[in-house]
Amino acid sequence: MKFGILVNEGPYNHQASDTAYQFTKAALENGHEIFRVFFYYDGVNNATSLGQPPSDDRNVTKNWQKLAEDHKVDLVVCVAAGLRRGIVDGNLAPGFRISGLGQLIEAGIQADRVVAFGD
Amino acid sequence: MKFGILVNEGPYNHQASDTAYQFTKAALENGHEIFRVFFYYDGVNNATSLGQPPSDDRNVTKNWQKLAEDHKVDLVVCVAAGLRRGIVDGNLAPGFRISGLGQLIEAGIQADRVVAFGD
Amino acid sequence: MDEMESGVVKKFMFINRKPPHGTVYALEVLEMVLISAAFDQDVHLAFIDDGVYQIKKGQAPAEIGCKNFSPTYRALDGYDIEKLYVEAEGLAERGLTEDDLLVPVEVLSRAELGKLMGEMDVILTA
Amino acid sequence: MDEMESGVVKKFMFINRKPPHGTVYALEVLEMVLISAAFDQDVHLAFIDDGVYQIKKGQAPAEIGCKNFSPTYRALDGYDIEKLYVEAEGLAERGLTEDDLLVPVEVLSRAELGKLMGEMDVILTA
Amino acid sequence: MTMLHTVNKSPFERNNLDSCLGHAQPGDAILLIEDAVYAAMGGTNIAGKIADAAKTFRLHVLGPDLKARGCDPANLVAGVTVVDYGGFVELAAQNKAVNAWL
Amino acid sequence: MTMLHTVNKSPFERNNLDSCLGHAQPGDAILLIEDAVYAAMGGTNIAGKIADAAKTFRLHVLGPDLKARGCDPANLVAGVTVVDYGGFVELAAQNKAVNAWL
């Protein structure tokens, strides 16, 4: 089954991004396909290349990057939401790409299920 | 009277930062002193130099910067909260400075009132 | 965008549960809704709980420094987005009536809206 | 830090209203509390509403990928932070008792805590 | 000495206002800001509770936030006073401390 | 076809769970995650409401979130089932659509 994932909140402040990551990982482990993970609202902050969480805590951005590397998961940051909040080409972490909100609607059309995580 | 201001949320997603700005401006206009504005939790995201909100919307970061310029308001970003979220020297907007959480406690001690804005 | 010609038409519902201005959700949901129009999907908007405040008449956020995006709801029919639903219970709890709303809507009971939600293919709530 | 020797001692209260793990507030409040200890202030911690869950025994967030910071509450007395208050009503509504808590606290009624809040100089709630 | 309490969330969505009302001391000032201003409006299913609260506390609401949301100040619960940002500042100055019910 | 509803906020703080219960259709699946897992615990002042809901809906709770919060699965309201992240995925797959009550 093909899943689209929507992440509405930034890392650390809310668990939303962590739960979305665990869901995505479990879906892949169960043999499902991830059509796309779309980062909207404050969710765009997951894609910063500049975060340095304490060494005894998880690194949310790295978690997403590893999924992209290992499973070619498409990680898309909303361009408009990102511009508003300062997530742009200059500080975009490798593994993420910036595109339009249409990519979320497309995920809604193409994926069998859309699962959203937020506040 | 001396005010300390605490901003807990980032720009745009929550009104907290806008209300904190309006409060700070009104306090200065009424002849009060702003001891410090401290940005904690997601509030550190107010200090990004990379945000480009739509031209028909307000620019929250610029609002803060103008207060710093016009009234020498001390805008302090928590170093640990900023590191976690990717607000660091490289993308810190002019007018803000990065320092420790002790600066918030100091504001609590030195200011007559601490007013917090958040989610 | 070849998905725009894919021919697949799904029932999308955007459920608005939050008041405007205190958070950005109302505004950014509206941006999603406008984009969805370009994909020729069967788009539904529901205003429940505090979401009913999003379409209250007379909003004027200039003094809080924010943009007044509420007129955009009136422009939705120009994008062929005409399925707007408001929950009767949500209005009543808040002392509001249809006359307080800035755009024509269909008022449904919570039970009716719940049933309609059950018919959707994609639901995005904020 | 000369403020550490300023001699001013204020009554600080950190009011915790949110559960742990779902948001970062509990963890980052704890960081504030630890720093405040260095300034020799009269520090009070209150756990009310869902904040009582912060000091529930047995927390083990490894599977959700998060750090277990709950043992830190037990370390607070090493920083001379010993004024910990829990609201009785908050415990009761959630079916909890003092035995469920991982750290010694004083249980106060809502009325008593409200009165104590009124005596503070600086209150930071999250 | 009295305190100023601020509440910024809708009373229909969250428990912030209830918690504030349960802890504030008689005579304290309470200021409704941001999405909490809806609590001050007449005709809602909590208007009676707010009218009662206005007898125990000095209850204020932030005018710019009312206006932003299209809420008519003529339709406020009896006993609630409108202030602007300058009034917010003076409330903070006149009371001993500010407790933001986040 | 049934839906999967997810709720992630504490029922003591916000109205998300109430709104979900008011709109979900009989037979729908509801999964409590993150701070909503507290709703599944026995002994709270809402446990009766949750036990009733478990008769109308297929009520599930996310195990890793229970464990994170020190909530004992032995003390759940009757009728609530624990699932892990893989179980969450399969619930999403088995139902027609997922409605996250944010």
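Quick notes on this one:
Order of writing sets the labels: A, B, C, D, E and F. Residues in every chain begin at 1.
Just so it is clear, a contact is a pair of C-beta atoms (placed from the backbone, for glycine too) under 8 Å apart; a residue touches a chain by one contact, two chains touch by 3 or more.
These numbers come from a predicted model, not from an experiment.
Fewest steps needed to get from chain C to chain D, stepping only to touching chains, is 2. Least step count on the touch graph, chain A to chain D: 1.
Summarising the inter-chain layout, the chain whose CA centre lies farthest from the centre of chain C is D. Shared residue numbers account for over half of those found at the interface formed by chain A and chain B, and the copies are therefore classed as meeting with the same residues. More C-beta pairs touch across one of B-C and A-F than the other; that pair is A-F. Farthest chain from chain F (centres taken as the mean of C-alpha atoms): B. Averaged Cα coordinates give chain C a centre that lies 28 Å from the centre of chain E.
Centre-to-centre spacing of chain B and chain D amounts to 25 Å, using the average Cα coordinate of each chain. Across the assembly, chain E contributes 8, 12-13, 15, 34-35, 64, 97-98, 100, 102 as residues in contact with two or more other chains. Chain contacts: chain C has residues 17, 21-24, 49, 64, 66, 121-123, 125-126 touching two or more partner chains. Residue positions of chain A with contacts to 2 or more other chains are 8, 12-13, 15, 19, 22, 41, 57, 80, 114, 116, 118.
In terms of which chains touch, the assembly is arranged in some other way, matching none of the line, ring, star or all-to-all patterns.
Of all possible chain pairs, those that touch are A-B, A-C, A-D, A-F, B-C, B-D, B-E, C-E, C-F, D-E, D-F, E-F.
Residue ranges of chain A in contact with chain B, taken from their complex: 10-13, 41-42, 45, 48-54, 57, 80, 83-88, 90-91.
Only residues 8-10, 12-13, 34-35, 38, 41-45, 47, 63-65, 67-72 of chain F touch chain D when the two sit together in their complex. Interface residues of chain C, counted against chain A in their complex, comprise 1, 3, 6, 8, 10, 12, 24-25, 28, 31-32, 35-36, 38-39, 41, 121-126. Listing the residues of chain B that touch chain C in their complex gives 12-15, 18-19, 21-22, 56-58, 63. For chain E in complex with chain B, the residues that touch the partner chain are 6, 8, 33-35, 64, 84-86, 88-90, 92-93, 97-98, 100, 102.
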